[in-house]
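Quick one: structure below, then a few questions.
Letters A, B and C mark the chains as written, and numbering starts fresh at 1 in each.
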Amino acid sequence: MTSSSLTSPQDAPAVQGRSLWQDAWRRLLANRAALVSLIVLTLIAIAAVFGPLFLPWSYDQIDWDHVEAMPPDFASGHYFGTDSLGRDLLARTLFGGRISLMVGILATFVALTIGVTVGTVAGYVGGKTDQFLMRFVDLMYSVPLTFFVIILMVFFGRNFILMFLAIGAVEWLTMARIVRGQTLTLRSKEFIEAARASGGSTPAIILRHIVPNVLGVVMVYVTLTIPNVILLESFLSFLGLGVQEPMTSWGMLINDGAAELEINPRTLIIPAAFMTATLFCFNFLGDGLRDALDPKDR
Amino acid sequence: MWSYFARRVAIGIPTLWAVITVCFFLMRLTPGGPFDAEAPVPQEVLNNLRARYHLDDPLWQQYVDYLVNLLRGDFGPSFKYHDFSITTLIAQGLPVSLENGFCALILAIVIGVPLGIAAALAQNTRRDYVISATAMTGIVIPNFIMGQVLILIFGVWLKNSIFHLPAGGWNDGAFANRILPVFCLALPYVAYLVRITRGSMIEAVRANYIRTARAKGLPFRLVVLRHALKSALIPVVTFLGPATAFILTGSMVVETIFQIPGIGRYFVQGALNRDYTLVMAVTILGAALIIAMNLAVDLIYIWLDPRVRYDQQ
Amino acid sequence: MSVLDIKALDVRFANTDGEVAAVSSLSLSVEKGECLGIVGESGSGKSQTFLAAMGLLAPNGRTSGEVMFGDTNLLTADEKTLNDLRGDKLAMIFQDPMTSLTPHMKIGRQLTEVLVRHRGLSATFARDRAIAMLRRVQIPEPERRFNMYPFELSGGLRQRVMIAMALLCGPELIIADEPTTALDVTVQAQILDLIRKAKEELETAVILITHDLGVVAGLADRVGVMYAGRLVELGDVRQIFKAPRHPYTKGLLACTPRLDDATGGTMPTIPGQPPNLQNLPAGCAYHPRCPFIMDRCRVERPPLRPTPTGSLSACFLEGSPS
């Protein structure tokens, strides 16, 4: 084609890497919904992690003066009131948030580790390996995986570690597919070929060149997976398979609250508000990130 | 095209077999058994029970027996409801769950897809924001809260009005008893479908061939319906596979809350009671449903995108 | 009388991080039966100029100025008026035949829907007309192709289908946006030949947008050269090839390979980068790359002025300031 002389040479992506992230960050902050979500999430996370330290009551402490659900009362330090056993609702909500967020993040981390490993290897190595791995992913998609999570939780007991391992093992599939797709397009890029030509080993290339470049999509997917996991945890709590008393999570609090919906709506509304706010924010943040990293969505 | 389809069927069968196998060994190898709950049982009775359910056979024998019975459509006896075979339980529960799931899916498509298109075509306007934010609410609020809130509103608060709906029970599938559960089951899908359709429609309208179609002077509405909709529907159709899995999970919640005798509730009770055969049967059925739905999805693809007919031979 | 008359057209895009000035105060007109070539680097605003005229800008695009097609100002016309013109009197052929046809629809349907829309023809009549048109653009076995999907055709055949589609209603103006860029050389020549025939037989005015000066030389009567959203030179095609006035046009000509030049070696390119449309340099947009730069080029923008050869050029090298 004669037109090639008129098109300007493209900069190598490696050179642009830095400013690409800065651009994305700038675009993210320009997105009001995403910015507000980021702030709210940060506040909720700080409150969940440090809040309980500053409250007069701990999450499992029973206030024998108020053993019945009580409306907010500042004098006794129950800012959101107590639940039907006289435990401080704010302390429980914050502590439950800590657990829910932790399950969300840990399980997503498990999903991320498996998904990125499988995805990059399948995409980069290609051939038989790719076919095998993707067939396996296809196969797993036809399996009712939540059933297996439930079975595991029932038969092996309500074990905290098992819970996020199991959930993580369910959530990695989509991640693997997305990462593989990205890797496939990266593989033919010049800088990968250059790395290969200069004798980089496969694991080294994957770690140093592929992984950093799929990070964008992965981050989007992570922000969208965490709320999914939190929902799944609340679902397990609904079935009575969540974390074990006296530990608690948003899912458990909501489920307890729902039982008293008619008499004591506050015990449902407060944890539910925290959880839905968190889920909303994660979703908006994820969408915002996606738009920020994919500027064709002007 | 048919060989492509046949190949997909051929992949489905080993998948199902793998599910059965994993499930079977998972059940038999876990600590604790179905009779644990029936506390102090004399050893002798226990042995009798074990013999009755062939639990004292070698494991591989049990496995082979199970597969053979399965091929005959026999899921074995229930460990909990001693007088029922699982097949009977399923025969009662499956139609109920299928009907509800199907209605929910249709409802979700009928509401979700048009809303998604409306949002996409008004991208970044107030209408888009309202639709998208409402959809997000549907995703973010768990099913079991929604169910209980609906019960409170329509079952309790509106008890003496014409809007009163039964708070639970099945009543042999009376229409009034179906409304809340189906709605509750459909809600998350409406939300997902809105999001998926919105995204894919935005993408579809951006395609070069849409510009061509507009350059022909076709009214925009026609351009959307005739030229964009089919490709925008591909991700929607793709979602039907996972949606089935999803509806199955959702039916556990909805059937429990509304006390509906479907397989979702059987699964929950079966799991909590360690009723091995019941849990296995529902899991296998679930997998079969998902596989069947994925096959249906493949067929729809062929209609939506003629390239599939040729590419995938 | 001119078929299309553009006056002081501006096209702006609102971005999250500012405004892109894709086209700025552009004026030109096309006469009946004439072929006007538009050349310029990628991103110089060629496509956006005419997409604006067709009313097909992206949603974030804003226009000002005037684009007269007959008595209609296309920029302010309502959707209904535009739709009555588009595909009938006003046709456009797009750059990428691979993605410009609806993939899930048979060729035939995509052709006949134009006739149904604008001529109200019945299905059978429309079919006959469409097949006749396919034959006219030299598609072999048109009856069979009529029932095929786009992916079953080669790139060249698809572009022929696009041309057939554009010709169906006998338009007064065809805008061809890089109709040959995606095709290989022999096919390019055939496609250009088709466009030439259409122009001669139907007396249709043609606007031919391209990167490729060679294409312009073979087909156009006049040529406009665009840089950074502005017209920098406009005039008779032979004049411009023989004696380019604007330094940018000179640069472009210098890096056009000639057919007789069988070098596999490096082609000369214009040094420097095309400007950032979001942040254009002051003065003449070309000054950072111009070999003839003068002081005033940095501060003042040269207007488009007549030159001794009869073409218009936007450069201070043309005589003294007025």
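Convention: a residue touches a chain if its C-beta (ideal position, glycine included) is under 8 Å from a C-beta of that chain, and two chains touch if they have at least 3 such contacts.
Computed from a prediction, not measured in an experiment: that's the story for all the values here.
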Checklist entry - What pattern do the touching chains form: line, ring, star, complete or other? => result complete
Checklist entry - What are the two chains with the top count of C-beta contact pairs? => result A-B
Checklist entry - Which one of the chains is closest to the middle, using the mean of its C-alpha atoms? => result A
Checklist entry - Hey, how far is the Cα centre of chain B from the one of chain C, in Å? => result 52
Checklist entry - From the C-alpha centre of chain A to that of chain C, how far is it in Å? => result 48
Next on the checklist: Taking the mean of the CA coordinates per chain, how far is chain A from chain B in Å?
Outcome noted: 23
Checklist entry - Given the complex with chain A, which residues does chain B contribute to the contact? => result 11-12, 14-15, 18-19, 22-23, 26-27, 30-32, 136-137, 139-145, 148-149, 152, 156, 241-242, 245, 248-249, 252-253, 256, 267-268, 271-272, 274, 279, 282-283, 286-287, 290-291, 294
Checklist entry - Can you name the residues of chain C that touch chain B in the complex? => result 51, 54, 56, 59, 79, 82-88, 91-92, 94, 96, 99-105, 113-114, 117-118, 149, 151-152, 162, 165
Next on the checklist: Looking at the complex, which residues from chain A come into contact with chain C?
Outcome noted: 1-8, 26-27, 30, 298
Checklist entry - In the complex of these two chains, what residues of chain C are touching chain A? => result 13, 15-17, 41-42, 58, 60, 181, 211-212, 214, 252, 255-257, 267-269, 273-274
Checklist entry - How about chain B: which of its residues touch chain C in the complex? => result 123, 207-209, 211-220, 226-227, 230-231, 304-307, 310
